[in-house]
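The two complexes that follow have chain A in common; it is paired with chain B in the first and with chain C in the second.
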Partner chain A sequence: MSDNRKEMLDFCLKCSICHTQCPMVAKNPSYPGPKHLGPEAERLRLTGKNPSRDEQNKYLSYCLNCKRCDEACPHGVKPSVYNVKNKTSINNAGQESLRDWILAHNDWWGRIAGKMPGVSNFFLKNPFIKTGMSLLGIAPQRSFPAYKSKKLKIARDTKDKKAVYFRGCYARSNEPDIAQSVIKLLEYAGYQVEIAPLGCCGTPVISNGLMTEAKKIAEKNIQTLCQYVEKGYKIVSSCPSCTLTLKEEYDEFFDIPGSKKVSQSVWDIFELLLHDNVEFPGSNKKFSRVIYHVPCHLKAQGIGTPAANLIRKYVVNSLKVMDKYCCGISGTFGFKKEKYDLSMKIGNDLFEEIKKEPYSLVLTDCGTCKLQIEQGTGLHVIHPVVILAETIEK
Partner chain B sequence: MGNWFKVIIIGGGATGTGILRDLALRGVDCLLLEKEDFATGTSGRFHGLLHSGARYAVKDPHSAEECIQENKILKQIAPGCVEDTGGLFVATGEDDLAYSEKWLEGCKNAGIEVQEISPQEALLEEPRLAKNIKKVYRVPDAAIDGFRLCAANVRSAEKKGAQARNYTEVIDIIKEGNKVKGVIAKDLVTGKEEEIYCDMIINAAGAWAGKIAAMAGVDVNIVPDKGVLVVFNHRFTKNVINRLRPPGDGDIFVPHGSVTIFGTTSRETTDPEDNGATKEDVLALLGEGRKLIPDLDEIRLIRAFAGVRPLYQPDGGGTGRNATRDFSLIDHEKEAGITGMVSVVGGKLTTFRLMANAVSDYVCTILKIPGESVTDQEPLVDDFCRLKPNSKKEFLCQCEQVTEDMLLEAVEGKKRISLSDVRRLTRLGMGPCQGTFCTFRAAGFYQKQKKLSVSQVNAMLEEHVQERWKGNHPVLWGGQAQEAEITRGVYLSLLNLDKLERCDGNV
Partner chain C sequence: MVMYDVIVIGSGLSGLISASVSSKAGKSVLVISKGLGNIYSSSGFIDILGYYPPERKLPRKNIKEGMKELCAFGSQHPYKIIGQEAVDEACDFFINLTEIIGYPYSGNSEENKLLPTAAGALAPTALVPPTATCNIADFEKILVVGFEEYIDFYPSYVAENLKCEFKKHNLNADVESKTVKLGLDTTRELNSYDIAVQMENSQIFNRVVDVLKGKVGKNTLVAMPAVLGVTKWQQVYYGLKEELNCEILEIPTLPPSITGMRLAEGIKDYLSSLEVEFHMGYQAKGITGDGTCQGITVESAGGKIKTYKAESYVLATGGILGGGINSTQRTFEEMVFGIPVAAPDGNWSVNDFFAPGGQPYAYSGIKVNEKLNPLDEKGNVLLANVYCAGKNLAGYDPFVEKSGNGVALTTGYQAGVAAVKGCDRK
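Presenting the complex of A and B:
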């Protein structure tokens, strides 16, 4: 793997095309950019004594891991991969690393909070708690997602087509309606559905540079999912970051047996529905003028925008697809006090675009993109599975 | 008197600048003349290895002793020029282990510290090494930056009042009977010629020493010996890697700054300016290199270049690798009855200080100047044109991290701005893009800062692009071929470089 990385470093032709696509470069001129922080600095890191090393590494925590640079590179270099790998080496101040650890473990908090959502939500809005968070380095302006628990309904019959649903943190702890919609869609498409007995995919841990822990999570997930794959299940997810992590990141960062097998069986929910040519009843389209934000991690999968295809066909009359902007939250990034303003600044182009017209619906697949857009526009944002599932009511 | 110096030194390589520093530290009024920039001769076209002496342990024991002595001194006095990487001698599957016995014996006699490590341990430390290695020894090799070293010598000497002029060529030697009185020097920037007098000339012109000697009517038989080197885009070993066998072609990898320099070859040539490399040289080298580093072809090559060894052959001795790597001091009074001039030839960059010390001692005795050399004690002034940790300025050369501050520092007090000179001090344009993106940026920067004319800037651009191209074309495949297409696109299409207005006013 590491040799492979060195190869990518030699592939960089310095054309700087990646820089033109980096949302952080656009809004933070002091950010060195993907080429420099990635292949260029990596070459200098090999010298073992690069005087500006610490200076550079400081910026690693500013990389949004949006992967727009990887997509842009005409020569197959993946600058974001260097950034993620090297984040591990940043020596954060004690307080910052505690804060990052807390944010990286939203999964745990979600599980605890999900058991008593009322109390948790009260605390998340409580001004004293907010002050405490601020002291820890968590942005006090940030609205936290509410916690919600719900018993999911799953049909018990056996079918030939089988799917295991990897819920991810958000659909599990914050918006179980998403999970219910996915189950409904899969069952409608003729699948026997099971929910993977798994927690976080590891994205927040990876993006905070906690690679040892991320590897443990990956091992557990791969091991469990492998068993499903062997029994003929397709792995389905509705969260673009989970999907991307399962499809690519495990393979990119860790050498875990079975990871190829798993990654080849992972589907985005809409990707699968489209692949299976599933027809939906709703011919009377309920909505006109809808805007859909394509999350960076969906774009990075290189599967196009299957959600948009289905939504356009069955649910809305005119759909505007926005894949030009990163919303700026980048998982836990936008929750960090010193990064909050920048996060909003990056999202601003998207917010402006959404506010430009009186859209009747704002859609996006990603839980944290949703939070960011809601924070930036004041509008309610919905996962496309929810409205597609509504067409098969009753 | 502006045109009289006690001593004139000809040649601004490691040897000449080393002598300048040595004499200046003794308080001698001296002048160095160099026809190009400092370290553009062999001292800037070498392997970058601060020898531990182990390479010469069998064939050239005296050289080996000198090397280890100087290796220790330079690590002390020039930390800014030397990187103490450490070195390994590695016997591969096809190397004769009988040689390693002789070699160990030689190292011991020369006083070179050698430590055997197991192949397993070596592979952990250097995973790129071939798996079939049989024996590995650790030696105190290091990497040394020849550009910085020569500039540091000059700066150290200037601090003590000595003078050094680059772009000043010695075109003739003034003699009165059998006595050398001075030189005729030509300023290559203005074209002005000048007579400069002195009590003593030291000919330190390296591979050109024969030509200088001829101007004084004496004979110094230099056999120029050309060696080709290739540069890889990044470092892939921590240590200098030497092949444990009798010295041959393609058996040393030196991790040098951000790159790896690999070579070299040894071919007799007739012209000291013969410093181009060919694709055939490169391919032959890679063939040897793969025996130490099997996946060599996966690593991007960015350049190839050649240097010319100033091997000295008094009367029909060996040539090439058989010639001695010792240095020789020739007193032309003793040899040919010509007074007022000595020549110093041969040697290695590693032993430049020792050579300078010996020559300076010799000359000071003739000139009855008291005192002794302190060059082994006095630290070199070698902290210049470096990236300061808190430098806020933008990188104009991103590959090698060169800032505006560094560019300004590099041309302080210079009578002419050349990007190649700047490159030697800062590493501008030495990275993977080979000047594609920094050449125009730096040219624009200097134009603004130094109010250069358009045609001056055009000439500056063209010179640097051509110079980089010279080193690129022998390695034009894979990544570097693609990079060259970008360079072509930028300079020939976008900037229309070959049709630009030149300094001479022609369009």
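Presenting the complex of A and C:
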């Protein structure tokens, strides 16, 4: 952690505004909340006098890292940063750490399962496999995303504008249509596109407190992406959590040369399209009554809602933008047996909002938000890149 | 890049009001804010002018008389700059706005009412939320109720102070207090928000009903800390009123303030429905040239700088506490444009913290013209398309006058009106 963060502790006035914005506090009364678990406990930790350390730390695994506390603070304190950093100190029982380790490595499972999607999907629904997962501490009620593989079409021509696409696990192993749509949009915007030869961004590993391993992932990603940046490429991602991790988390938690250079070159796909003033042919808007859930990790990037700007302009007649609620899944959190119910309870406000009206489309950028909304509402959820890419003629 | 008609910097009361005025006028609006505004720490009650002149011992009953004195006195007070008519219009706008958001305020810009604070003092205020509409003089008996698990509100302390205050104001009522146990887990400290969330739980709600039902008469006013529900306040507040069959008054609490929060979130939801965009969590900086603002830059994750442009800009970033003005013991700095901040003549502070005339530094801030454009030291307009609102304005002390939210509301309104006119001129 930088010295800057230590200094920032003194800016916490204990006004508790962050406390009122925490989705966990609202649904779990024993959770101490961002102000207490973050800056207050950190001050005690720094003095070495934290008598209730273990007692406190068990709650760290309940921090959703939605960063709503960080955005709420009028004085620039970021409670979530202390929580994430201190997750390494959680002393889990053996079985829980095995389970967390398994969930944190969704990248590996995706690579294996993606090789034979049919077989994997069959096994993921198999009751025996479900029972086995339950014994390991994985929520049996949770629907797993189906695996799908697809050969991506990329144009071979050389162009001045170059973009390297960081796919992330979900667009690679579960929904390659997202990846294809991003490629289509980038090519339409005049980019020569390349897929980054990289796997996981490290978000699930970081959120399970495996910081040593996360650092290794970060080093590899930064090293590779730096080479692209030096060759004039823009780094583009369509997953808000990958984007936020590449933009901010590496620089926040690890001291790796080149991380600043990478973070400044990372773009959310819609952020880039809007920045480049790309015009789309969507003159006759196809959809009306559409709801868009803004993922917490998109909101935390401080770029507004570029997807909403473009979707409103080209695809949709009336778009309701919902950035008020966390969906509650928080990556691997909602897959954990003891946390499943809480995860659904947190998402309930959002589910109710979506079910209130007969929306023709439900949109969100994040793969796990999508899973959660589908589980909570039974409705199909689409990444906004897919409907924007459809406006482009073949 | 997206162009907006109006960019509002700051999301406290003044910023949210400016955004509402602009958006209702059909303008596209972006709100940029470093964090959530101090409205979450404030009562949300609109005090327009409680005490004037500041040294006055007893609150003013008639606000307009106070305003007249204020305008006659050759000061730089924001009310004097915008004028009584704008103050009245802003109050009407606010009453209408709160009706739309389903949290209807009552009161007017003529007359103050007296309501108890969490310390048991009687404080003057003008516009009040729906959970504080009663007139305390109408009751024979007042029962101050607190909760055992809520340690920021002491019912007996409030009741004892209220008795003294009643004598001072020649009011008559029997004041008693009671503490109700909610049966909550208190392994951690609970604040007003935690209690308010719990009150939405029917089990907890029923415990309150069980303790108080039948023990309060029709002529009793039950005064409680403002923790009667967050989003479901209607269910809790009106439900309790019906069950107990008596009038209930919510007393604003120490931060976080639920009454302020309900107002802020209500307005924000309304703005979102009007497609107003929010950019939260990062400090804004202004780009200036040719005597105007040419755009706003905001840092985003990873340090990439975003630039936003508009026809008009509202600067509603707050004062020293709100972060709009940074101060050391010798200097002031306005954080977005570097607009010169007028410092008080002579000493900036006096030794008596609660000095009757207030602290001189409170009068520091940006000097403006009648359109709320910022001025330089010589009185020339610095930025013709920037309009200032709220506590970053010079010339008043909200703490002793009890005018904080009043100035925020009325100047926020006026800045919004000016911003809309600024767009239309183009």
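One rule holds for everything that comes next: the second predicted complex is superposed on the first by the 389 of 394 C-alpha atoms of A that agree within 3 Å, B and C clash if a C-alpha of one lies under 4 Å from a C-alpha of the other, contacts with A are read in each partner's own complex, and residues count from 1 in each chain.
Simple rule for what comes next: contacts are C-beta pairs under 8 Å (C-beta built on N, C-alpha and C of every residue); 3 or more make two chains touch, one makes a residue touch a chain.
Source: prediction; values computed, not measured.
With both structures placed on the common chain, the touch criterion links A:15 to chain B and to chain C.
Of the two partner chains placed by the overlay, only chain C lies in contact with A:247; chain B stays clear of it. Legend: residue contacts after superposition of the two complexes on their common chain; A:98 is shown touching neither chain B nor chain C. Contact with chain B, but none with chain C, is seen for A:44 once the two complexes are overlaid on the shared chain.
Contacts of A:305 after superposition on the shared chain: chain C is touched, whereas chain B is not.
Looking at the superposed arrangement, the partner reaching more residues of chain A, out of chain B and chain C, is C. Of the two partner chains placed around the shared chain by superposition, chain C is the only one that A:274 touches, whereas chain B remains out of contact. Judged by the touch definition given at the top, the superposed model places A:135 against neither chain B nor chain C. By the document's definition of touching, both partners, chain B and chain C, reach A:36. Within chain A, the residues touching chain B in one complex and chain C in the other are 15-16, 36, 75. If you check the complex, the residues on chain B that touch chain A are 233-236, 238, 255, 257-258, 295, 298-300, 386-391, 395, 398-399, 401, 431-433, 436-437, 479, 482-483, 486.
On the chain A side of its complex with chain C, the touching residues are 15-17, 19-21, 25-26, 29-30, 32, 36, 70-76, 244, 246-248, 251, 260, 263-264, 266, 274-275, 277, 299-305, 308-309, 312, 320-321, 323-324. Interface of chain C with chain A (complex): residues 1-2, 30, 34-38, 40-41, 184-185, 187-189, 191, 193-194, 197-198, 230, 255-256, 261, 269, 272-273, 275, 277-283, 298-304, 306, 322-323. On the side of chain A, the complex with chain B involves touching residues 3, 6-7, 9-16, 35-36, 40, 43-44, 46-48, 50-52, 54-55, 75.
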